[in-house]
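What follows is subunit A paired twice: with subunit B in the first complex and subunit C in the second.
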Partner chain A sequence: MKRQVPLVLCFLFGVVMCFTQFSPHSFSQSIYDEVVYWALIMSPFALAVGTITLIQTHVIRIRRRTEHWQYSFVVFAGLLTMVAIGLPFGPQHPAFAWLFNNVQVPLDATMFSLLAFLIASAAFRAFRARTFEASLLLISAMIVLIGNVPVGDLIWNTVLSWLPWDNGASEARQWILGNPNLSARRGIILGVSLGVISQAIRLILGIERSYIGGGD
Partner chain B sequence: MIKTTQWIAVCLILCLSVGTAFSQGLSPPSNVTAMDTPNDNGSSITITWDAAAEGSGISGYQILRRIAGGELEAVGDLLPAGTMNYVDSAIEKGTTYAYIVRAVGETEATVDSEQTGPAEGTGEWFHTGKTPLFIAMLLFSAAIVWNIYNARSGKEVFVRRIPGLEAVDEAIGRATEMGRSILYVLGLGGVSGVATVASMTILAQVARRTADYETPLRVPCNDPIVMNVVREMVKTAYLEEGHPDAYNEENIFFLTEDQFAYAAGVDGIMVREKPATVFLQGSFAAESLILAETGNSIGAIQIAGTDSEHQLPFFIAACDYTLIGEELYAASAYLSKEPMLLGSLRGQDWGKVLIFGAIALGVILELSGIPWITTLLQRVN
Partner chain C sequence: MLSKLMNLDRRVIFIFVALAVIIPTLLPLNLPINVSEPTQRIYDYIDALPAGSTIMISFDYGPSSLPELNPMAKAVLRHCFDKDVRVIGMTLYAFAPTLADTLITEVAEEADAVNGEDYVFLGFRPGGEQVMLRMGISIGSVFEKDYTNTPLTEISMMKDITNYDQIDLILDLASGSTTDLWITYVNGKYNQQIAAGVTGVIVSNMYPYLQTKQLVGLMPGYLGASEYEKLIGVPEKGTQGINNASPVHVLILGLVIIGNIVFFIQRRREE
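What follows is the complex of A and B.
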């Protein structure tokens, strides 16, 4: 029973939601909106569950004095401060907005900006021309890099001025992005789409049931 | 006497207006029809008319409508000359409307079309424009279902080797030998994301193996609902493998819903705990490289998989193995070797053959000047 009910519900909702995509009638659209609305209702409950789990995790860390357990106090300080201001005064309160704009946003930006350095280190490894494929990747990457900056065309038009093509760097970049790159991407997208449909059918028919704990 | 003068003035004005209209060649819009807009929920009526001839002097059109027995009212703004249809979306369901298209001349002179017949907005149960898509979906679904049930007969299904999945046992064994944990990252997707569900099914298989080897499995979650589902899945896997005592609920925990805070949290776990194996499976965005590079820096064996095609190059550059796109969805079948799941993979391949066939046929037809498939695809759009 514990397994059958979720499977039956999954089948019913899967089939109905699929057909709402093909039916513009207001009745089927209202079913779709209603189900999406139900999903939204779950969010506050999920937030409560998440907060409780977060508190539990950090209480355990402090109690067991695990490595860097002191930082768990920072989590509690942040949580309590934002709740103490946000709950009675709302998210529009200047103090809440100030904390968000001057603490969270810069922290997020800091993490995001790390990407620039990580891309460089990952590219260094990926572009080592040890195999034929890696050499192709390196050459393509260099062309795209040079084609992306205005100086690329300047170099082309100056150094390779004897060639019959102008602005060859940006043209070559455009060709790489628009042909081999786009073709490969579309191939992946097609495969992903078929995979998604296949996965959905397995879920709807109850063949794939590990998400409810597996077994029969 | 005054009345007679007024009448003469009105007649003169009318004659002048009609005269101006005729002198400009302003003719009323012809073939005006009003009908329910097809393939909608009954919230609009489409009015169409023939294009005015060149040099007709028409500068625009005004749509007028009337509820049965009611007054004429203008609908929307003045439409530019050259317009041949208008969709009236401001209608009430169950109400019948009649329309007149008023042509407005360059000198503000106007001339009205004949009133259309009554039209009412009705919702359609099936979107006929999506018929090819619907048929394709039915065909593809039928292929998968047929292969799934055919696989039950015990026929062996060939599945090509997927190195990323072959390495799962090796990666778990390595963590066990080193006495370190395994970190499984499900990405940013919610429980409604298909990639997240696919990732959870791989996690179930990984959990079965970690239960056998009694290797700690750590799962930091980005979504509280995903966390609860994962806890239940991993618990069941440990129970079914006969090691319920090895299951530790605290190892599956909620970190944060914020993208970069989640990346920072997972990076922190990697740096502190130095897991021997890192699985990055699911839906990822800009944080993918932050996670993969940190995992690389601690020397963990990394198996990544995502359907976000923009993040694939990052995983390929920074991870040991990467499941590309559809391989993520094939992983559950591949790892469990369950015939019915493997059958669905064959159905998926049939779909691919069908699509490649359509692409080849489309190219040949297009080169021969027959745009059938292009037209069909444009109609679906």
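What follows is the complex of A and C.
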């Protein structure tokens, strides 16, 4: 029963929602409206599940004294502080906004800006033209990299001013993004879309059952 | 010498990167900015809207992407308020409400725009595509109140706005995959015009949608922000950011070239 009910519900909702996309009838559209509303109501529970999982993970880390377990207390301190202010007063409260602007924003920005240092170091060590394909990738990346900033065109217009066209760095970047990149991306989108369709059919027909804890 | 260069301490590179950021911050470069076609397309679309039109801006990014996307939001908001285009702000990202609210309020105060008449910020709702789909039926059924807890029925600019039919453009400012969702669910199902401003790392993903005109236009990272600032004639943090990023790009390019030259010399010697 535990397995049959989800399978039947999945089949019913899958087929009905699929049908509503092809039928403009008011009855079909009212079903669509209602189901989308249900889905919207269910969405916040994902946040609740996420929070519970976060708490569980860090409680286990503290209990087992895993490496850097002390930092889990920082997680709880942050969580409790934001909840203690956000829940009764709302996110508009100046204290909540202050904490967000002065703790969350600089911390998050710092973490992200570290990437610039790591990427520079990694590019120096790992980006090598070992094969023909790697060379193509390397040249494209270098053109996009320099075409992405105004200094690229400045260098082009100064050093290569004898060439018949201006702003070559940004033009070349635009061409790479708009032609080879576009073609490859479109291929990926089509492939992924076909995969999603086949997976949806497998779910609706009950062939794919991993979401209820079983194998194929 | 060569092996020393190949095994260069990463801290030396870190110092170079730090200097490449700090020096142009202290001594601004003011490099010339050329506006690319995808950014120009967004500007032209908004510029052609008559006064009283409505744009929805979805602030789908967190603090980590704030330096790239906030300048875009600021420039577009300035353009909208200047053209008397009404703005509905919202977000699908839990971290964004405070930053989006702060930004809209700041630009609105500067432009003398009135909350509830010229703009409204609806806040955050979880659910991603469910939120998008449901707003196609009724925005009021997803956001009953705005961010300041005023019921939508009491907000004058929302009185004639029920769903996407009354919205002229949705601009998604994104650091993740939300633009794909807006295109799939809102452009695909409701034929709504979508534009995007995205971080540099996901720009390449957006080009297929630009070609098919599923995207009206695209602002690519810092570059897009600086281009839009140039178009409205207010160079600010986007312009400063792209000027600061320029030396770092040149540095990385230089490091890659040096790394490859050394690699080829070493390989030739080994052969």
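Assume the second predicted complex is superposed on the first by the 157 of 216 C-alpha atoms of A that agree within 3 Å, B and C clash if a C-alpha of one lies under 4 Å from a C-alpha of the other, contacts with A are read in each partner's own complex, and residues count from 1 in each chain.
We adopt the following convention: contacts are C-beta pairs under 8 Å (C-beta built on N, C-alpha and C of every residue); 3 or more make two chains touch, one makes a residue touch a chain.
Not measured: the values here are computed from a predicted model.
Legend: residue contacts after superposition of the two complexes on their common chain; A:89 is shown touching neither subunit B nor subunit C.
Once chain A of one complex is fitted onto chain A of the other, the partner contacts of A:112 extend to both subunit B and subunit C.
Contacts of A:60 after superposition: subunit B is touched, whereas subunit C is not reached. Of the two partner chains, neither subunit B nor subunit C is touched by A:73.
In the superposed model, A:165 lies in contact with neither subunit B nor subunit C.
In the overlay built on the shared chain, the residue A:205 is in contact with subunit B alone; subunit C does not reach it. Looking at the shared chain after the overlay, A:192 reaches subunit B, while subunit C stays out of its contact range. Once the two complexes are overlaid on the shared chain, A:121 sits against subunit B and subunit C alike. Subunit A uses residues 39, 46-47, 104, 107-108, 111-112, 119, 121, 123, 125, 185, 189 to touch subunit B in one structure and subunit C in the other. Within the complex formed with subunit C, the residues of subunit A that make contact are 33, 36-37, 39-40, 43-44, 46-47, 90-92, 96-97, 100-101, 104-109, 111-112, 116-117, 119-121, 123-125, 127-129, 138, 142, 145-146, 148-154, 167, 170, 174, 177-178, 181-182, 185-186, 189. Against subunit A, the residues of subunit C that register as touching in their complex are 8, 10, 13-14, 16-18, 21, 29, 31-34, 36-37, 62-67, 94-95, 97-99, 101-102, 123, 125-128, 130-131, 133-134, 137, 141-142, 147-149, 200, 203-205, 207-208, 210-211, 220-221, 223, 226, 242-243, 245-253, 255-260, 263-264.
Of all the residues in subunit A, the ones that touch subunit B in their complex are 18, 21-29, 39, 42, 46-47, 49-50, 53-54, 56-57, 60, 67-68, 104, 107-108, 111-112, 114-115, 118-119, 121-123, 125-126, 185, 188-192, 194-203, 205, 207-208, 210-215. Per the touch definition, subunit B reaches subunit A in the complex via residues 39-43, 93, 123-127, 130, 133-134, 137, 140-141, 144-145, 148, 192, 194, 197-198, 200-201, 204-205, 223-225, 227-229, 232-233, 235-237, 240, 250, 253-261, 263-264, 268, 272, 286-287, 289-290, 292-293, 296, 307, 309, 312-314, 316-318, 324-326, 328-330, 332, 340-341, 344-345, 347-348, 351-352, 355.
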